[in-house]
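Here come two complexes built around subunit A, the first alongside subunit B, the second alongside subunit C.
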Partner chain A sequence: MSAIAVEPSNRGIAGALPRAAARALLLVVGLAVLWGVWEGYRWLGIREHWTWPFKVNDTNMPHISKIWHAFGQPLQPDGPPLRHYLWHYAIFTGKEALAGFVLGAAIGFFLAVALSQSNMLRRGFLPYIVVSQTVPILAIAPMVVVGLGTKGVSPWVSVAVIAAYLTFFPVAINTLRGLLSPDPEALELMRSYAAGRWKILWRLRVPASLPYVFSALKISATASVIGAIIGETPASLQGGLGYAIVNFNQYYSIQPANLWATIIVCALLGIVFFLAVVALEHIVLKRAPENVA
Partner chain B sequence: MSAVSIKGVSKQFEAGVTALQGIDLDVEPGEFVSLIGPSGCGKSTLLRIIGDLTKPTAGTVQVNGKPADRARRDHEYGIVFQDAVLYDWRTVSKNISLPLELLHWNRSRRNARIKDMLELVELTGFESHHPWQLSGGMQQRVSIARALSFSPSLLLMDEPFGALDEMTRERLNAELLRIWQETGSTVVFVTHSISEAVFLSTRVVVMSVRPGQIAGLVDVDLEQPRTNATRESPRFFELVTQVREQLAAAGARLGETQEPALVEDQV
Partner chain C sequence: MPKPTAIAQAFWDQKSALWSQGIYTFKEALGGYALGCSLGIFVALLFAAWRPLSSAFMPYAVAANAIPIIAFAPIMNNWFGLLNPFSKMAIAAVLCFFPVMINTLRGLTSVHPSSIELMQSYAAGRVSLFRRVRIPNALPHMFTGLKVATVLSMIGAIVGEYFGGPTEALGVKILNDSSYGNFTDAWAGIVMASLLGIVFYAVVALAERLTTSWHPSARAFHTE
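Let's look at the complex of A and B:
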């Protein structure tokens, strides 16, 4: 996760411009390398007839240019191009993921706050929270959708709940670690001021936990997108990226580029979520670079 | 009324360690008292008992005539640890302001006090720096400013300069004496440096180890204000020798050699 570490921000405006240019260059180089590896592997694989781990052919590894091209192709004759659909799917899934992310983060945070207040509570509840994540999401998803569905909850809410299920765990665990991170002396200082539980929580524990919270939010940001995509399938919810994946899967042998294009959009959505958290972290956290968890 | 009155204090930890036994000590208002002794003799424990950060197993402690827990809740003392214990997410100003916020001082009163405190510890101009941007000595000055910000009558210090280099330590020693005289507060100061104890104090309390007891008291009659010349005066050497001999005698009484952790610094 070293790429996530926040750089020292006290270099001033003078350094900012070259730094932005360097980053842009790095991104371009990175993409070019990715493209080279893909096309290189493809070329070698086809020439050498590789079958392991998968058979390399036009279906399994279409040209990058083909995938790029697919974005502009209409799905139905005279219909709008694929990118039009994918854009709307991404917005749809993005909303579910965002709702799930916010819900999960809030639940995770307050759960951690509650657990930080008592050893007993911690010993009693923590094992169940860990166990909750060993249950496969694929098994939970239909139960949530059907269970909530019979109570008249609309399917997209169920999907958000599934996304929240994946989000809350890293937030709860990391926040708890952060809340418990102040050294004994920092706590004694508060005690010397006769500060109560509540003040110690808000003036010491919560601020001390924020780097931990953000490192969890970065994990959760992408997890919530995955959760939303997975959740759409059992919900048979049309209009999102999960639906598009299931749909394009059926046409994979004829139009593999469509599925690949969808996968790229899914990845982009995850990256957007991730970067949003990074941006928020930059705004909220102003502290020693080495203290970023 | 004594600033600190300790009567028959003992402290046993669950592990069966007797950290302190039968401590009696009175500190008068305006005194600067140092606790010195080998490491593990219970200096920190005694200081924390005075601050009601831990309870004695036996005996009583009064601060300004109040039981220790009452005194803590009335903000009768400020404390400084060996590490500055500054909150990283707060600027210098905000760190100094922490106790004031907890005491519900309003903003303008806080700001005025922060300004005074920054002047007192000579950190004007650093108000919006974060702790990690400061040297160890500067961090410790912020910590002292924070401890004094709400004008407690008593200052408890646990080896506050122990982690600093010799030169910084001597500079801060002089600064602390000036602050002590300007504020007129009472100081209980833990150290394991003999010269530091003698230079700063009006009285040195020599402690022995296992169990932690008071082995002797040395009145320091060096005249105020103390300067670099004080460190070179014959009386200073006499007093340093006196403290060293008491420490050695305390060790000998227990049939032990002096712990290596006790620094015999160059004087």
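Let's look at the complex of A and C:
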């Protein structure tokens, strides 16, 4: 039994470097395959004049090298290169997403704590929380920005609110599940020590909920980036990735590589958010029983 | 934010136009849903049957899941044409694919080892192991993905239309109304979108109730 339990941590020390190398190799191989499939499909499609499911040509499938090249090209003559703009757009959108993420996660967490304390509260509120998510919120995003804008709220804040709305739900639901997850025996043990509501919450329920919270935060990390990008699409808000998508989309037929480059930056921003949560999870849950053993 | 009564009034006044726009968008969502979900289930079965494939591809699936896929909506519009409903179906399908694939795969692979041993002691082959153990076990997980996908497919269709589409589409109507300041009409459109989304979700939830009521997890849910 102990041999089984010790094995992972042994591998963790001795095998960390080879595993990281294997992962890096896998990434490189994956990107190479993606590049090959893209260029291969493009070459075949142009040669055979494929029009289904879409017409293969330079506009619809630019060379990967051209997209890469586009990062260094200036937008206006003698202006800074595209990557300069995209960097600033990504920071702008990332800040909105981060603000929304933190706000939404905090609201979701405290809502779950409140709901975990009362059966009646849970019965009364949970259905509404679930229904709130069947509203296609992303579809409302541009309206919320425009609508709040007429009230004098800065668009930056409205976009963060959308990101927060998308974040709070998975966090609330998963945290609640985690807070209610401790075994009845554990609760009985705490009660036999005359632990009060707060002690049980702090010492038992919150630690038990953390793995659940993090699995929700991983979903929400991407959701907050999506909320920020889509929230920016109404033209009133310049300076973010959503604005860049709308803008470059209009010039797609002449400069398709610019839109592709923007979307790649969006993808990277999503992945960075996700990896940040994964890193935080590693730090916080390092001492969880399943990881110490 | 317009008054709810005003939105209800606008909804009632334009109900036939809203209905036809809603159905147009719903068809796009449904087409993408069918395409994305069936592809997701198929890939999950493939990965569960052949594990090396799964361990090679899952890191990419996780990475793809962290990408804001909706950002590809304008690309789909350019590829398949703004007015072609398939451009919205494509983005809805990609959005539906990942949650369905990942959840179904989790269900197919999270089978209790003793169930597999029991089946093997009966000399059951791979096919009957799938048919009698893995697939029944996967159903509740799969439906979790299928329910999430209903909302995603509606979002994919509508947001796809925000980046351009025919005037008979609900997303285009909502965007046009809000850019002209007709917030009441835009909200009426959103009410329509929400109603369709809720009905879609409810139908899938009903299908879940009908096909998985025997499963222990369904019991646990009711006693909780």
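Methods note: the second predicted complex is superposed on the first by the 262 of 293 C-alpha atoms of A that agree within 3 Å, B and C clash if a C-alpha of one lies under 4 Å from a C-alpha of the other, contacts with A are read in each partner's own complex, and residues count from 1 in each chain.
As a convention for this text, a residue touches a chain if its C-beta (ideal position, glycine included) is under 8 Å from a C-beta of that chain, and two chains touch if they have at least 3 such contacts.
Computed from a predicted model, the values in this text were never measured in an experiment.
Asks: State whether subunit B and subunit C clash or fit side by side on subunit A once the two structures are superposed.
Replies: After superposition on subunit A, subunit B vs subunit C: fit, no clash.
Asks: Return first, second, both or neither, reflecting whether A:263 touches subunit B, subunit C, both chains, or no partner chain.
Replies: Only subunit C; A:263 stays clear of subunit B.
Asks: Tell me which partner A:207 touches in the superposition: subunit B (first), subunit C (second), both or neither.
Replies: Touch partner of A:207: subunit B, not subunit C.
Asks: Taking the superposition as given, does A:51 touch the first partner, subunit B, the second, subunit C, both, or neither?
Replies: A:51 contacts neither subunit B nor subunit C.
Asks: For A:133, select first, second, both or neither according to whether it touches subunit B, subunit C, the two together, or no partner.
Replies: After superposing on A, A:133 lies in contact with subunit C but is clear of subunit B.
Asks: Name the contact category of A:26: first (subunit B only), second (subunit C only), both, or neither.
Replies: In the superposed model, A:26 contacts subunit C only, not subunit B.
Asks: Which partner, subunit B or subunit C, is in contact with more residues of subunit A?
Replies: It is C that touches the greater number of subunit A residues.
Asks: Could you give the angle made at the Cα centre of subunit A by the lines to the Cα centres of subunit B and subunit C, to the nearest 10°?
Replies: Given the fit on chain A C-alpha atoms, the answer is 90 degrees.
Asks: Can A:65 be said to touch subunit B (first), subunit C (second), both, or neither?
Replies: In the superposition, A:65 contacts neither subunit B nor subunit C.
Asks: For A:118, select first, second, both or neither according to whether it touches subunit B, subunit C, the two together, or no partner.
Replies: A:118: touches no partner chain.
Asks: For A:191, using the defined touch cut-off, is the partner it touches subunit B, subunit C, both, or neither? Pick first, second, both or neither.
Replies: first
Asks: For the combined overlay, can you note the least CA distance between subunit B and subunit C, rounded to whole Å?
Replies: 14
Asks: Would you tell me the residues on subunit A in contact with subunit B in one complex that are also in contact with subunit C in the other?
Replies: none
Asks: Sort out for me which residues of subunit B touch subunit A in the complex.
Replies: Contacts found on subunit B: 48, 51, 53, 72-73, 75, 77-79, 81, 83, 85, 87-89, 98-99, 101-103, 130-132.
Asks: In their complex, what parts of subunit C are in touch with subunit A?
Replies: On the subunit C side, the touching residues are 1, 56, 59-60, 63, 65-68, 70-72, 74-75, 77-80, 86, 90, 151, 154-155, 158-159, 162-163, 171, 174-175, 178-179, 183, 186-187, 190, 193-194, 197-198, 201.
Asks: Considering the complex alone, what residue numbers of subunit A touch subunit C?
Replies: 23, 26-27, 30, 53-54, 59-60, 131, 133-140, 142-143, 146-147, 221-222, 225-226, 229-230, 233-234, 241, 245-246, 249, 252, 256, 259-260, 262-263, 266-267, 269-271, 273-275
Asks: Name, in rising order, each residue of subunit A that touches subunit B in their complex.
Replies: Subunit A reaches subunit B through residues 183, 185-186, 188-189, 191-195, 199, 203-204, 207-208, 210, 285-288, 291.
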